[in-house]
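The two complexes that follow have chain A in common; it is paired with chain B in the first and with chain C in the second.
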Partner chain A sequence: MGYNTLPYLVLFLPLSLIIYQVSGRNNRKYVLLIFSWIYFFLCSKKLIIYLLLTSAGVWLDGLAMQKSGGRKHLKTALAVLGVGGLFGVLLYLKYTNFFIGIVNTVMAGRGAGAAIPLRHMLVPIGISFYTLEAAGYLLEVYWGRQEADPDFVRVALFLGFFPQTMEGPIARYQDTAHQLTGGKPVTEQQLFDGVTRILWGMFKKIVIADRLSLIVTELYRNYAAYNGIMIPAAAVTYTMQLYMEFSGVMDIVIGSAGIFGIALPENFRQPFFSQSASEFWRRWHISLGVWLKTYLFYPVTTSGMTKKWNRFAGKKFGKYITKIGTSFLALTPVWLFNGLWHGASWHYIFYGVYYLVLLMIEVILEPAKKSFYKKTGFKKNGRFWTVFRILRTWLIIFTGELFFRAESLRAGIAMFRSGFHHIGIQRLWDGTLLKMGLDQADWLVILAGIAVVFAADLLKEKNFDIKASLAKKSLPVRWAAFYGLIFAVLIFGAYGPGYQPVDLIYAGF
Partner chain B sequence: MDVKKISIKEKAGFAIGLVVLLLIGSFFFNYYAMNSLGSHSLKRRAAVVRLQKEKKDTIEVLIIGDSESYTTVSPMQVWKDTGYTMYVGGQSGQTMNEMLTMLETGLDTQHPKAVLIETNALYRTSGNLNQLQEMIATKAASILPIFQYHDLWKNAIIKPAGEALNMAGKGFDIRDSVKPYTGSPDYMKQTSKEQEIPRVNQILFDRIAELCRQNGVSLILYSGPSPVNYTMEKHNRLARLASQYDLQYIDMNMETKEIGIDWNKDTLDRGDHMNISGAEKTTAYMETVLKTLNLTDRRKDPAYQEWNDLAETYQKQASGAIARIRGGAQGENK
Partner chain C sequence: MNEIESKIIKILMDQDDSINYAEEKHLIDNRILDSFAIISLVSELEEEFDIRITAVEMVPENFNSVEAMAAMVQKLQG
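So, the complex of A and B:
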């Protein structure tokens, strides 16, 4: 039951809101938990057992760590058990076949006989998301930054809150858990803001992303049939689809939670205005970036191994090399994890390594960059250089997404290489691209839709508050804006006869 | 925006304005769909629009179902042979929700004496949640057609060339390709096992049966000959369903010899559907059932002259196609 579907929007969400609202303040957390588990059950049926066991295990493990007092070894053992258990289950369910594949390839290379058969694994919805949240909570308790929560309902809700189940955002316990059990009533303001946000998300998802899905599917599925300009076209259309879809669904998710008065963390902050790869990752899938920074990057940076390196390299090679080495030590696990987290496939690992290399290049070139600006006298923040850096970042993003979406690493490499053959730029307008499952009218909607979203992003980037500005307008203008949004979704949405429903992309991760 | 500062009057005004706009939009799109468009623009909605455009109270028998329905019974042949007015409201891959909509559409403008359901759709499911989604969407579209016809604005940009809505076959098109079925002709192997009908489909079937009962319409179940789609397990369950509701069930898969199906020539696509040669035989078989329903022969009624004209054209085209299929084609024709 995707968040953009009618059963969610007109049945599940309203029903949960009504029952939540009519329940007493103390019972509201139970209502949320029951609806969250029902939601999970509707999506994953009996696999809800994984969520239930995770919730119970994490709750108990947190309490046990808390009670371990000064016994550091016991606390560490409990943390290892908890976090190890969480990632063990994730590894088993999502990555068993990937590792079997590797073993089989190695065995075949050595001429060994029968291959290990692949297993049919059923994976519960959102396991990649709730595993990170659960591990984050346990680590916070282990480091003493968070008291273990004695309230099982709060822990269970933190891991299973239904708007977050499918695609996150990956919240931190200290940021959201207490809101979940606060039992505050739904206010008119929350309802209005939430519904507006949901509508905006629906616009991105069903007006733009679902239309692009047709063309993206064709270009990536039959990639061998395309080359030249069609490859950048594939990269750009997929990047647009992914942004419109993922950020659109996040709008629906944050809007849904907002109606209950729960502020979930934002996952996007105008990513296409980034001026470097590292900035892009501070604006794109922010909650994953924050998790990786908090629970991988910082611990590695402050680990004994890194400290040893800093001492050793500081004396031997100087500041510059030391910084490069430290960055490499801390960024490598982050980006390998990032790649693998998205899925058990080499092209996801490549995607992680791709950004690792880019970020390392950023670190290596930092002094040269500074020197360049100093010597040439160019203004770093001048309009030309800003636009140049944004466009360069787009190139980086599109290339990365080409590999990310490819059917496999081999397919990604083949696509990348074929992009340099028979450029044939006329295919952008001679019908090859334009008639690939879409008609003129669809393209018009896509381009206009993207323009609207980017205009909104630009205003946000300039710290212009669209909602506040709209509130100051006269009544007819305000009404026209809301009617416009509602009817844009209703009329231009890619739903109904002639359109296939498109599953949520990140729900697959 | 501070909602508290908005007066109740303003809020009510906004809601009323929204409803009015939805109604105006629905009227506009519905009118446009009914009066200006061909089948290309309407896509699968064309079947519903065609049925809506049929002259009021002229159809005595309505057939609903998926592609098995519009490849097994030809209304023009039935007219020519018996003078009964029949309409096939079938759609490719029709779901039970769509079947219900088609029936409701038919009952809105017609007073059929009988409704024939081709049963293949009873086994079509896309999962409970998807069916629920479809159910809500169908209901919303029936109240506010803007949900169903919303994308027709595209016709203002793309002018669909030369696509008239084909009303001639009364929901049936002549299909003259041949791809023989090479499997066993005894595909209905005796067994007492049953293949269960998905739960949601049973609920929707119940609503269809109830709707027919309320409107005094005889409901008949039938299964067109199709080794690809039918088995004895399905037959057993469908027969039990018919008996539960006290309905007549005709399974042509059990009567292929009597009907005279030639699997080398009568199938369009290796046993999935009938072509015109097969449809001519299955229609003739269905006529024997229709004759028991006390329907009216209207061939001499001047109000139905148009049907005679259409039947004449149909007869010429169908005879030619059947002769081509039965005359020469060995193996694959097209």
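So, the complex of A and C:
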């Protein structure tokens, strides 16, 4: 039951809202938890046992750490047990077959006969997301930045709140947990804002992303049949599909939670206005970036090993080389983790390493860039250089997403290489691309839709508050905007005959 | 402004002298200091004040302003 489906939007969400609202303030947290567990059960059936055990385990481990008082070793052991257990389960469920595959390849290379058979693993929905939230909570308790929560319902809701189950955002305990159990009533304003945000998300998802899905599926499935200009076309269409889909689902998620009066963290901040790869990752899947920075990057940079390097290299090589070394030490685990987190496949690892290399290049070139602007007298923030950096970042993003979406690393490399053969730019308009499962009207809807979303992003980038501006307009204008969105989704949505329902991309990670 | 704050401002000015650090209260929230700047800053602070900064201290609140950094330094000096 994806967030873009009718059962969720017209049945599950309204029913949960009604029962939540008619329940007493103190009972509302139980209503949310029961609905969250029902949602999880509907998605993953008996695999809900993983969520239940994780919730209980994390709650108990947190309390045990709190009770350990000054016994540092015991506290550390409990943290290792908790975090290790969480990632142990994730590794086992998601990565067993990946490692068996590696072992089999090595064995086959050495002439060993029998291969280890792959296992049929059932993975509960959202495990990659709630595992990170749970580990974050335990680390906060371990570091003493967060009191262990005695309220099991709050811990369980933090890990299982139904709008977040499938795709996050990956929240920090101190940011959302207390809102989840606050029992705030649903207000008319929350309802209006939430539904508008959901409609905006639906527009991105089913009007734009689901249409693009037809093209993307064809280009990546039959990649061997395409070369030249069709490869950049594949990269751009997939990047657009992913952005519209993931940010659209986030709108539905944040809108759903917003109706209950719960503010979830934003996951996107106009990523296509980024001027570098590192800035892109501060604007794209923000909650994953924040998690990696808080629980991996900073612990590594403040670790004994990094500090030893800093002291040693600082005396021997100077500041510049020290910074390169420190950055490499800290960024390597972050980007390997980022790649592997998305899935057990070499093309995801490649995707992580790709950004590691780009970020290292940024660090290495930083003094040269400063000196370039100083010597030439070019204005770094002048319009030309700003647009140049944005377009360069687009190239980086599109190339990365080509490998990210490819069926395998081998397919990704083959696609990348074939992009330089037989360019054939006319295929963009001679029907090769335009008639690939979509008609002219579909393309018009896609282009108009993307233009609308980018116009909204541009306004946000210029600090124009669309919501506040709309709120100041007269009632008929507000309702016109509201109904405009509803009709856009109903009329232009890619559903019904000729369209396949498209599963949520990030729910698969 | 106390001595610790003056020393911190000097370290920050060495990194980027275009910011008015004494006035700025949202160095992290406004992305004036990014994570790379923070890691350089951490090693400089450790050396200057003979303290040990760990992952526990790595929260935006400790780095948003010079006062916040000075308070953290004082706390770590015990």
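The rule we apply is simple: the second predicted complex is superposed on the first by the 506 of 509 C-alpha atoms of A that agree within 3 Å, B and C clash if a C-alpha of one lies under 4 Å from a C-alpha of the other, contacts with A are read in each partner's own complex, and residues count from 1 in each chain.
The rule is simple: contacts are C-beta pairs under 8 Å (C-beta built on N, C-alpha and C of every residue); 3 or more make two chains touch, one makes a residue touch a chain.
Treat the numbers as computed from the prediction; the structure is a model and nothing was measured.
Q: Based on the superposition on chain A, does the combination of chain B and chain C result in a clash or a fit?
A: Aligned on chain A, chain C fits beside chain B.
Q: Of the two partner chains, chain B (first) and chain C (second), which one does A:G496 touch, if any: first, second, both, or neither?
A: First partner only, chain B.
Q: After the superposition, just quote the angle formed at chain A by chain B and chain C, using C-alpha centres and rounding to the nearest 10°.
A: Apex at chain A; the opening toward chain B and chain C is 170 degrees.
Q: Should A:D439 be classified as contacting the first partner (chain B), the second (chain C), both, or neither?
A: A:D439 contacts chain B only, not chain C.
Q: Identify the partner contact of A:Y483: answer first if only chain B is touched, second if only chain C is, both if each is, neither if none is.
A: A:Y483 sits against chain B, while chain C stays out of touch.
Q: In the superposed arrangement, which partner chain does A:V10 touch: chain B (first), chain C (second), both, or neither?
A: Only chain B is touched by A:V10; chain C is not.
Q: With both structures fitted on chain A, tell me whether chain B or chain C touches more of chain A's residues.
A: Counted on chain A, the partner with more touching residues turns out to be B.
Q: On the overlay, how many Å separate the closest CA atoms of chain B and chain C?
A: So the smallest C-alpha gap separating chain B from chain C comes to 26 Å.
Q: Can you list the residues of chain A that touch chain B in one structure and chain C in the other?
A: The overlap between the chain B and chain C interfaces on chain A is empty, containing no residue.
Q: Under the stated contact criterion, what part of chain C meets chain A in this complex?
A: Chain C reaches chain A through residues 31, 34-36, 39-40, 42-43, 46, 53-59.
Q: State the interface residues of chain A toward chain C in the complex, per the touch definition above.
A: It is residues 143-145, 278, 282, 293-294, 297-299, 301-303, 307, 310, 314, 319, 323, 326-327, 330, 363 of chain A that touch chain C.
Q: Considering the complex alone, what residue numbers of chain B touch chain A?
A: Answer in residue numbers: 1-4, 10, 13-14, 17-18, 21, 25, 42-45, 129-130, 132-133, 136-137, 140-141, 146-148, 150-151, 153-154, 157-158.
Q: Given the complex with chain B, which residues does chain A contribute to the contact?
A: These residues of chain A touch chain B: 1, 5-7, 10-11, 42, 188-189, 191-192, 439-442, 444, 467-468, 470-471, 475, 478-479, 482-483, 486-487, 490-493, 495-499, 501.
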